[in-house]
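Naming follows writing order (A, B, C and D), and every chain is counted from residue 1.
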Amino acid sequence: MEPRIWREMGLTDEEYERVVQLMGREPNELEVGIFGVMWSEHCSYKTSKPVLRRFPTEGPQVLQGPGENAGIVDIGDGLAVVFKMESHNHPSALEPYQGAATGVGGILRDVFTMGARPIAVLDPLRFGPLEEENTRRLVRGVVAGIGGYGNSIGIPTVAGDVYFHESYRGNPLVNAMAVGLLEHRHIAKGVASGVGNPVMVVGARTGRDGIHGATFASVELSEESEAKRSAVQVGDPFMEKLLMEACLELIQSGAIVGIQDMGAAGLTSSSCEMASRGNSGIEMDLSLVPRRETGMTPYEIMLSESQERMLVVPKAGREQEVEEVFHRWGLEAVVVGKVTADGMLRLLEEGKVVAEIPAKALTDEAPVYHRPTREPEYYARLKEQPLDGIKAAKPYGEILLDLLGSPNLASKSWVYRQYDHQVGTNTVVTPGGDAAVLRVRGTQKGLGMTTDCNARYVYLDPYVGGALAVVEAAQNLVCVGAKPLAITDCLNFGNPEKPEIFWQFEQACAGIAEACRVLETPVTGGNVSLYNETNGEAIYPTPTIGMVGLVENLEQVVRNRFAEPGEEIFLLGEVSGSLAGSEYLALFDGMEAGTLPPLDLKEIKQRLDFMLKLIVAGLVQSAHDVTEGGLAVALAEMAGKCGVRVSIALESAYELAELILLFGERLGRILFTVKPENAAKVQALAEQTGVLVTRLGETGGDTVAISVNGELKLEAAISECQRRSEETLPKALN
Amino acid sequence: MNIGIVRFPGSNCEVDVWEAWKVLGQVPKMLWHQETSVRGYDLIVLPGGFSYGDYLRTGAIARFSPIMEDVIRFAKEGGMVLGICNGFQILTECGLLPGALLRNRDLHFLCQPQYLRAERTDLAFTSLYQKGEVIQIPINHGEGNYAIDDAGLKELEENGQVVFRYVDASGEVNEAGNPNGSRHNIAGIVNREGNVLGMMPHPERVVEEIVGGTDGQRLFLSLVQAWERRMQYGA
Amino acid sequence: MLKAKVTVTLKKSILDPQGSAVEKALKSMGYPVDEVRIGKYMEVTLPEAARGNATEMMHEICRKLLSNPVIEDYRFELEDKE
Amino acid sequence: MLKAKVTVTLKKSILDPQGSAVEKALKSMGYPVDEVRIGKYMEVTLPEAARGNATEMMHEICRKLLSNPVIEDYRFELEDKE
């Protein structure tokens, strides 16, 4: 075989050698194609695997860790929550609407293939600068696409985040997370076992969509990708709705052994992964696969990424039941092969063998690379960059308004208003809260969920930044009264073959791992998206964290707006922050630099536990974490029905101290209010626990007013704060 | 009370409507789109969602479902029919209600709380609201922009067929309170006979405080009350 | 085989928000356009057997399903399909 | 004045969920149709002044805004407008 062929299929010469070894012969073209796609970064995790192994994945709550289509975590009462996050970055760059839509479709399939009914979608998004027309086009398309799919299928999109930054110009990030609910007894898995059991393809017909999607997701975007554009698929949420209902019905009927959705690399990955997990083989006659187009080759059938399809292994003799269920929903279900004992993925066409590969060679035997790492030149330089020359650019009140109106901090209601966030009538805390909360019908419980990642922090210090993404997710959950349970992640990075990028990756993962360990939120699954570069420029490292938490009693849910005037306001954690990596510095000085404040995860864990205890005890009226924009912004965000008067004592004579106090950032801090009669109790509890709690002032009035050492330093009308926050996105995007 | 909720392929609010009724003490039945009779029911609800993907035009394909033929008969014989969101769209497509629903004025799908003013309270659907009362019921649609020609609009208004109008927080009918560009801020209309109501907002989403409010309760309870009266005094 | 090419357009009296949006976008991109109206285009392939009453059938299909006479107009042409 | 009549259709191999849904509906209504594909139809009115390079401009507009070449094809014809 000519080297050109395997190289085109994405295999290196060494990898090809390994294929020959594993096969014990020269593979044919179809076989090479199958190896090419299964050994792509996207499917094999060949670069990231050694790093991901360091994640803590166990805990008493974890029922299913990484390795399946989605993780499963126990929530008591015989119920479990199933969740997973995935990227659809590259397709969305080419066709924002369809790219984002199929991203939602794909992640939902990962969840209902486990037997869970999806109850929510979350959508972390990253785009280039909002000022640019191309960004605007992408935002409009992506948001419409997520809504177009989620709204139609009837699953609420309840949270997410949106950031704008240079580094995503040309390479937006579209991550999607799905959360589902499940009764333990209905857990389904992606295994093919039981020799002689039939193998069925169900759902949509196979067309030439997205052939090479997986390999495509593993290369950088360039002018060339133009030519590979056939890699874009079109989603059909209507079909998926039917597929979802049929699959859930089927799983509950007990007629099946295993089920898996066809995602990246379609029939190829689903069949060999199911066989591999079941320690068995699969034999399929491709001429039996229902097709949408004529003249498709075995290669095209195997690699097609047509959406809304599943591979199902029913118990022998129950295939008719499967057909009946699917026909009732107006869908096709066709037997295409059977489970075998020999561990081979054997493909036939009209009865003739066209490919024969040991299934494990495609999965477990995929190469693993230990890539070199190198600390990037910028790291030490930016860390040590002095921030002394900084001055308050404007009166503090104006700074506050500018920050509130800056694209990253501005209200994202333009986005989430386009998402049905209520269907299912379970959404207790809607978008706009610190985390979304959904009720679990039939119980007192609720599920909190959030996605977070400040990529600027990760860029400046990947280890600390990675850990902070986990911290932020946890503090968001705690603020609504949910106990953090576990995470999923979507690790978006540049080209890992560059040692500097791989260093970012390794450091960030180490930070995430440590934070997960201390905060007791194991990793149950996730997704790695590498090669996020345009013309050689990498995105900021963006390991998005999706976290799920449990609200024991829905009556305890806390919101992030001041409930009424006359409440005492407290700050948990350090009063001041740092300008390093802050939104202030980026917005007013065009600078992203500095050393992030030291991170003490144990202390943060103690604070979060304390906060949760206060909430469970019913002592908290409202709570909100202090993140981008610092204390002043967080206070303004909490003001709605009423304002706040805050008075802070500041000892430092450092000339920037005020600016840092107001707009400096430091995670691990939470603002909360309590009724006056409970204030003393809260302070006593804080002292007892040994956490730092400071009384700042009380709610009331119609402004955000902050005094330092007795002198009023900042005052802004709530109405003005809200106007500035609300107007930014509509102005740019309508 | 015998309530039937029609489930089309692609419907997605049918369970929410069912749960809402349950909260209010009724247990409706789900009707599959392929059924051919709705005899024996006191009320038929066409729920929200994306029937048949809402492909082509919202509600266009659902209207040809086997069950719709009998729903039309049922309505023409005076049976009570409530269409919510996609249900409203289906009712206009099959001609039980006049007009049509176009893409929202700014083309975006909108999911948000919405102030409405109750214009008619002498109907079986709305007797528990106060005339002119401002209530909050969320909208959730991409195509809720009510369109009708001038003559049709005049007729609607003259017959008092407008049941709910979009208003701002102070209860004013104006552009600012109109989320989607509907003519005369129309959010819901009834047929001349008063037995077929179509509305874009979702009352089933506001029957429990914990998920956003209770202003939708009285719509359902009005229907129960009307039915009880009918049972008591005969039709 | 036969192919019916159907065009469905909004009636003149009905506002076309999508068209206006595209019009605005084109103008802001600097193109001198006066007006944009957006409709649907559909291709319906018919079997040979339908040739006899294709015109009549297409009118029926268009009236019943492909267009909503309250807001839309339709037209179509039939042509032979290779 | 000039009118450009633009038709945007999905590329042959791209899934057309709308078309399939309509096709199924027509079949279940008893009409003998083989296939339905759905696209967009747009009318762009141009001022007299644009006549000179109208063709070129329309190609640009179609490529840039009216269609997404990743999944769609377009064609247009120009005609005089009364």
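We adopt the following convention: a residue touches a chain if its C-beta (ideal position, glycine included) is under 8 Å from a C-beta of that chain, and two chains touch if they have at least 3 such contacts.
The model shown is predicted, which means the values in this text are computed figures rather than measured ones.
Looking at B-D alongside A-B, one finds more C-beta pairs in contact between the chains of A-B.
A straight line joining the Cα centres of chain A and chain C is 41 Å long.
As a whole-number value, the distance joining the C-alpha centres of chain A and chain B reads 36 Å. With each centre defined as the average position of its C-alpha atoms, the distance from chain C to chain D rounds to 9 Å.
Chain D has residues 17, 21-22, 25, 29, 38 in contact with two or more other chains. Touching two or more other chains at once are residues 52-53, 55-56, 61, 64, 106 of chain B. Multi-chain contact residues, meaning those touching two or more other chains, occur in chain A at positions 236, 238-239, 330. Annotation, chain-chain contacts: A-B, A-D, B-C, B-D, C-D (touch as defined at the top). Chain D makes touch with chain C in their complex at residues 1, 7-9, 19, 22, 25-26, 29, 31-47, 49-50, 57, 61, 64-66. By the touch criterion given at the top, residues 52-53, 55-56, 61, 64 of chain B touch chain D in their complex. Only residues 10, 13-17, 20-21, 24, 68-71 of chain D touch chain A when the two sit together in their complex.
Interface residues of chain A facing chain B in the complex, by the touch rule stated above, are 144, 147-148, 151-154, 236-239, 241-242, 329-330, 416-428, 430, 439, 441, 554, 734. The residues of chain B lying in touch with chain C in their complex are 56-57, 60-61, 64, 92-93, 98-100, 102-107, 145, 147-149, 181.
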